Amino acid sequence: MSGLNCVVHSPLAHFKLDLELSVEPGITILLGPNGAGKSSFLRLLSGLTQPSSGLIKLGERTLFDSANGIDLPPEQRRIGMVFQDLALFPHLNVNGNIGFGMKVRGSGRVERQKRTAHLLDILNIAHLAERSVTSLSGGERQKVALARSLTTDPELLLLDEPTAALDPTARGEIRDWLRSVLVKLNIPTLLVTHEVEEVAYFRKRVAVIERGQIVQHGSFHQLLSEPTTEFIAQVVGVNYIPGEVTEVAGKQVFRSKGGLTFIAPFEQVKPGPACLTIYPWDVAVYRNLPEGSPRNHLHGRVKDVVLRGDRVRMTLVAEDKLVAELSVRGYQALGEPQPGARLWAVFKARESRIENFQE
Amino acid sequence: MSGLNCVVHSPLAHFKLDLELSVEPGITILLGPNGAGKSSFLRLLSGLTQPSSGLIKLGERTLFDSANGIDLPPEQRRIGMVFQDLALFPHLNVNGNIGFGMKVRGSGRVERQKRTAHLLDILNIAHLAERSVTSLSGGERQKVALARSLTTDPELLLLDEPTAALDPTARGEIRDWLRSVLVKLNIPTLLVTHEVEEVAYFRKRVAVIERGQIVQHGSFHQLLSEPTTEFIAQVVGVNYIPGEVTEVAGKQVFRSKGGLTFIAPFEQVKPGPACLTIYPWDVAVYRNLPEGSPRNHLHGRVKDVVLRGDRVRMTLVAEDKLVAELSVRGYQALGEPQPGARLWAVFKARESRIENFQE
Amino acid sequence: MKKPRLFNLFLAVNGLLLGLLIMLPILALLLASSPVEIMKLLVDPEVLTATWITLLSSFCALPLMFLLGLPSAYGLARCRGRLRRSLEVLLELPMVMPPVVAGLALLLAFGRRGLFGELFSNLGIRVTFTLGAVVLGIVFIVTPFFVRRCTVLFDGVDKKLEEAALILGATPWQAFLYVVLPVVKRGLFAELIMAVAQSVGLFGAIVMFAGNLPGRTQTLSLAIYSSFESDPQQAFALGTLLLLISLLLLAAVHMLAPRDRRL
Amino acid sequence: MKKPRLFNLFLAVNGLLLGLLIMLPILALLLASSPVEIMKLLVDPEVLTATWITLLSSFCALPLMFLLGLPSAYGLARCRGRLRRSLEVLLELPMVMPPVVAGLALLLAFGRRGLFGELFSNLGIRVTFTLGAVVLGIVFIVTPFFVRRCTVLFDGVDKKLEEAALILGATPWQAFLYVVLPVVKRGLFAELIMAVAQSVGLFGAIVMFAGNLPGRTQTLSLAIYSSFESDPQQAFALGTLLLLISLLLLAAVHMLAPRDRRL
Amino acid sequence: ELSVFAASSLTDALKEITQLYQAEYPGEQVLLNFAGSQTLATQIDQGVPADLFISANQQAMTRLHNKGLVEAFRPFLYNRLLLVTRIDLQPPLTKIEDLGRSGLLVIIGNQQVPVGNYARQLLSNLAGDPAYGSLLVKNVESNVVSEESKVKSIVAKLLIGEADAGIVYQSDFIPGRLKAVSLPRKHNPLAIYFLAKVPEVENQADKFIALLASPEAIQVFARHGFSPEAAQ
C-alpha cells in the first residue's frame, strides 16, 4: 500500500498554501471554494511548481524534499493528471492525444492503438478517434483529457474537476467506471469536484480546503453531521447558523448573529462563539405556529422553493436563513406556498447540533 | 415582450443541427448530452457561425434570414454570451476584461469603473480587480466571464455552462442573483447546464437537445412526469425502462428489453415499442418479496448506495436496472444493505407511467 | 534548490555556442577599431547627417510598413487554402531578390522611364534620388518580411478572443485594435525592431534606387560604403560606431518594450 | 449570402495596395527582360555552378541554423526579466550591421589574423574564401533574425502543453520535439522559407568574407553582381531567372508545407 | 544645381574639387553621386537626372552614348595598376616575379570589373614577354584565392592581413599601411576614366568641366594617385 504523504507550503496571490495531507490508495475527494488553492496544490504535487518548503512522499519514493534538496521532475513522478483547463495537444487528433503518454514511454503502435481504442469505447467517443481535438465539444474534450491521464500507469492520480463539463449520464457512467478502474489500480487519487453528487458517491474520504488550509478531512457523513465551516455546511446542504452561546439567568442559550435565540444540546459547549447546525429535513414548516411546539422557531418569508424528486426544499429568510426540506405531500398540505409567503420554520433542540468555533 | 424565435439548420461533424425553438423572456434551460449541439446552437444564434439555412428573429429584429440574405454581424446583435471556454482577454486584467464591452461602446471611465466594481462586489471577487486573468483559478475566471457578458445591456443572453467551475456556494448565490437580474432585464436567456439542481431551480422552461434535435420542451415537471428519452429520464432521476407492449391472452403487458414483464396503466397505449417510467421514490425495496405485493418486481443486486440528505438512493441491477429512493430510516430498517446484496424492488402498476415511443 | 536539468544545460550550451558565433565577430570588430577614430567620427557633420537620414528614413518607413503591412498580414492570416498559399508565395518572392536587382526593379517601376514614370512626372513628382526613394526602397524590401512574420503572429491568436470581442459589441476594427494587436504586442515589438534593423542595414537597393547623395539620401550604410571606397579603415570605425549607437538605442527601446502581463 | 463587411473590404484594399507596391517592381522587371536571354542563361555553366553553390550553401547553413538556433530560441523564450532583455539586445545587435561591416567583422574573427586565426591555421584550416565561409557568413547574418523570430513563436506556445507532456512522462526533449515544435510548425515553416530567402539574397558580407570565386564561392547573388559590372542587361536577366526559379521552388515547397489541422 | 555622377573610386578627389568649385562660385549647388559605374549608368538609363557622368568603365559609357543619353565622351583621367602587399609580408615582395612564389595568397579583381580586366591584361602582357614568361603567369594565377568585385575589398583584405598581395590601382595605395611594388611600365595597362555631358544641361556643367581641367584640380588628382594625362 503506497499512499501519498505531503506537507507543502507555498505562497499564492492572496494567502499562503499550508497543507498537510495523507492520501491513501483509493479516491479522496478534494473540496473547496473557488480560489481555495486546490489546483495550485495539485500542481505542487505534480512537480510543475515547487513549494517554498515541504515534503512530498509517494509510498517509498520521495518526490520532493526541501530539506534534502530533492525535487523529482514531473516526468519522473509517474503521475496521471487531468488539468482543469485540459491542456489537450492541439496538433494531435484524439487518438494522438490519448496515445501521447504511451508513445513517449516507448509502447509499440499496436499496443497503443488497442489501449486507445479500448478507452475511447468505454468513454463512448469511439467515433471521435480521428477528429482534431480543437473541434470537439466541451464534454468530448474532457473525456479525451481523462482518457489521456490514465494511459501511463500512474502511481498517483490528480483529477481536477474531470467531470465538470460532462452531461449527467456520462458523469454517472464515468463515475462508476472510474471507481472500478481505481479499485483495480489501487493508487491514491485526488479528485477535485464541486459536485455534491460526486462527494456523496465517493463518500469515504473527503478533504476540504479553504484559503490554503485543510479545514476538514473525513467522510461525507462526518461533513454532514459536523460541518466545521459554513462552506462545508452549504455544500452538504445543512443549515449552519453562526452565533454565540451565552448564559441567561443561569441557563445557556444560543444567540444567532441575526439575533434569534435558539436552544440546543448544550452539554459539550462552553459560552462563546459557536455555530448551530440542523438538517433541512429536521426543520418543519407551518402556516401558523403550532402550540406546544418545539421552542426553536423562525418566522420568515419564503425565498425560493425547489422541487427535487419527491422532496421540496424551501428557503425561509428572516433574521437568519433556514432551509427546510419536506415531502411533496407535506408541501401540498401546506397549500403549496410560493416565494413571498410568510411561514414558520420549527425545529427541535435535540435534533440540532451545536459546537464551539474551532480556531 | 420580445422573445427569440429561430429555425436553424446547420451540418455538424456527425449529424445535422435542425432546431426550431421559441424562447420567451426569462430563463430557458438548454439541456443535452455531450456533443448534442448546444454550444454550436449558441454560436449560430450569436452570429459567429452561419446556419446553412434558417431564420432567427429577436423580437422585431431579424438577426438572420437565409431567404432574404440577412445576416446581422455579431456586434450588432446585442447579445451577451458566456463561452464554454470563457475566452477571456489574456492581455487585460479583470477590470479590463469586464469593462471591455462598455469601452468599445463608448461608456465613460467613471461609469465603467462603477459598474465593474459593482459586479465584482456581487460576485465576491473585488480583490481580484487588478489581477491578470491568466493567473486566476478556474472558478474565478468563470465569474469574470459571467460579469463581462452582462455589461453590454444585451437583448439576448447565451450562457454556456456558466456555473460549471463554481463552487456550490457560489453557484447558489449566482443563481439567485442571475434570477433577480433577469427578472429586471426581462430578456430571453438560454442557459446551458448539466446541473440537475440548476434545472430544478429554473424549472419553468427547459428545452432538451439530442443529436441536433429538440426532443422535449417544457417545464421541469413535464420532464419529470413524461420524459421522452432515456437521457431526460436519467437527468431528472426517473427510472426509464424501454421495452414493448404486447398482448398476452387478451391482456396487455409490458416486456422490458431486459426480458422482465411489468404491468402498467395501459389505457392510453397501443401495442408496440414503449417505455415505462417510475419514480425512484415510488419503488419500494425489500429483503424478501412480500406477499400480496404489487405485481411489478425485480430481484437484483445492489450496485451502489448513495446517501443524499435523509434519503438513500440505491441502484438495483438485474435484467433491468431500477433506482429506488428511500428514507434513511427505511434503509436502516432494511439492515443497511451494502453493494452486492440481493434485494427485491417493487412498485405499483398505477404509480408507473407508460408511453409509446415517439418516433 | 532545483537540480539543473540536463535539458536546460543543453539549451544553455547551445545558446552559448550561438552567442559565441555571433558575438565573436562583433567583438573582433570592436577590438580592431580605435576609440580615437570613433570619437572623431562622432563629430563629423557628414556622419551626423547620414545618421539623421538613416533614422528619418527608418521612421518614415515604419508607419507605412505598419499601416500597409499589419492589415494585409491580418487579412492574409484569415485567408485559407489555396488562396492563402498563393499569396504567401507572392509575398516570399521579393525576399530572394539580390539588392542590385531589387534596386533596378524599383527604378523600372518608379523611375522616370518606368511604368509609373509618365504618371509621376505629370504630377510633378520625382521619386528617385529623394528621401522618398529611400523610404520606398525600405518599404519594398522589408515589408514582405514584416508581413509574412506578422501573419505567423496573427495565426497564433486564438480566434475565440476576436469572437468574444465582437459579441461584446466591438466592431471588427476594434477587435483588431483592442484585442488582436495587444495580444501579439510583444511579438510585434520584436518585428518592429527587426524591421528597423533590416532597414538600417539596407544598402544595395538604396544605392541604386535612391542614389548616394550625402545630405539627401546617404544613409549610414551608404556612408560606410562611401568611406570604404576612400579609406577602408575608416569604414570599419564607422561600422563600429553604428553598432554602438544601435546598442544604446536597442537598450533604450527595450526599456520601453511592452511587458507580458501573463507571466 | 454574407454581406461583405467594410472591414474585410478595408483589409482587401490594403492588401491590394501592398501587393501593387511589391508586385509592380517585380512585374516591371519581368517586362523588361527578354525571354531569349533568360533561356540562354539557363544553360550557361557559370550560372549553373552559381545556382548550385547558392543551393548548397543555403542547405548547409539551414541545419546549422536549426541546430543552433532552435534550442537557443527556446532557451531564450524561457528566460525572464532583465536577463532576457539583455540577451535580446545582443541578438538584435548584429542585425543592424551593414553587409560590408558584417563581412569585415567575420574576417576579423575567423580570418588568418583574426581572433581564431592562430587556432584555425594550426589546425590547418582556412575558412575565408571557401564554401565554409559562405555558410558561416549566412549563419552569422541570418541566424539572429531566425532566433529572434523563433523566440516570438515559442512565446506563443501555451506553457500548459509542455506541462501536460511532462506529466505524461515526456522528457523535456520529447516535450520540445513532440509538442512545442509541432505546435509551431507552420510558423517554423515560414521562418525556414524566410531564412533561405534571406540567405539567397545575401551579398555584401559574403563577398567580403568568402570572396567571389566562380565555381567555389560565387553564389547567384554574387554572380548577378559581377555580371552587372560588365553587362547590366545580363544581370537583370539573371535576376529575373532567379525570381522564376524561386517562384517554382516556393510553390513546390508550399505544396509540402504542414497544414493546420486546427482549422 | 549641378549633379555629377562619378565612379566611386573618385570619391575623395572629386569631393575636394567640388570644394574648390564652390569656393569659386559661391551659392552654386553641386550634388555628387558616387557608385559603381554600371550602377550610375543604369540610373541615367532609367531617367535619373544627371548633368555629368564620369565613368571608370568604357562599356557603360558607350552604352549610354549609343542610346543618346550622353553626349560625346572623352578620356579624362588615367590610372595605372599597382602591385601592393601587406606591410608585414615576410619575405617582402620586391618585384613582380615574386608574385609567383608558391603559397602566396593573391587577390585580384573579378574579370567583369575594370580592375580585374586590367589585371588580366597585365598578366597576358607579361605572359607574352619572354622576360617573364607564361610559367610565372600560371604560378600567379594559381596563387589567386579570390576575385573581388571591388578594388577596395582587395585593399581591405590586405590591410587586415587576410591576403598577401593584390593588384589594385595606383590611386588605391595607402602609404604607410601597404607596400607597393612597381610594375613594368610597358606592360601596365592604362585605366581610363571617361567624362561625358548629359544632353541639354545648363552651362554650369561647362564651368565644372573647365575646373576639372584646371591646374588646381590636376594637383588634387595627382595627390590621389591619378594621372591627368596619358603619359605614354
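We call the chains A, B, C, D and E, going by the order they appear; numbering starts again at 1 in every chain.
Assume contacts are C-beta pairs under 8 Å (C-beta built on N, C-alpha and C of every residue); 3 or more make two chains touch, one makes a residue touch a chain.
Just so you know, these numbers come straight off a predicted model, no measurement behind them.
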- Both-way neighbours, i.e. chains that touch subunit D and touch subunit B: A, C
- Note on the structure: One chain pair leads in contact pairs, namely C-D
- Chain centre separation (subunit B, subunit C; CA means) in Å: 55
- Message: Based only on mean CA positions, could you tell me how far subunit C sits from subunit E in angstrom?
- Response: 34
- Message: Nearest whole angstrom, what separates the Cα centre of subunit A from the Cα centre of subunit E?
- Response: 88
- Message: Quick check: what residues of subunit B touch more than one other chain, meaning two or more?
- Response: 73, 85
- Query: Residues of subunit D that touch two or more other chains: which are they?
  - Reply: 5, 104, 108, 171-172, 225, 228, 232
- Message: If a residue has to touch 2 or more other chains to count, which residues of subunit E qualify?
- Response: 39, 42, 156, 160
- Note on the structure: The answer for subunit B against subunit A in the complex is residues 13-14, 32-36, 38-40, 84-85, 127, 131, 135-140, 143, 160-161, 164-172, 176, 194, 196-197, 200-201, 203, 220-221, 231, 234-235, 237, 279-281, 303-304, 306-311, 325
- Task: Give every residue of subunit E touching subunit D within the complex, in rising order.
- Result: 36, 38-39, 41-42, 57, 59-60, 107, 110-113, 145-150, 153, 156-157, 160-162
- Write out the stretch or stretches of subunit B touching subunit C in their complex. 46-48, 73-75, 78-81, 83, 85, 87-93, 100-101, 103-105, 132, 134, 148-149, 151-152
- Residues of subunit C that touch subunit D when the two form their complex: 5, 7-8, 10-12, 14-15, 17-19, 21-29, 31-32, 68-69, 71-72, 74-76, 78, 80, 85, 87-102, 104-106, 108-110, 114-116, 139-140, 143-145, 147-149, 151-153, 155-156, 171-173, 176, 186-187, 190-191, 193-194, 196-198, 200-201, 203-204, 220-221, 224-225, 228, 235-236, 238-240, 242-243, 246-247, 250-251, 254, 257, 260, 263
- Note on the structure: Within their complex, subunit D touches subunit E through residues 104, 107-108, 111-113, 128-129, 207-208, 211-214, 217, 222, 225-232
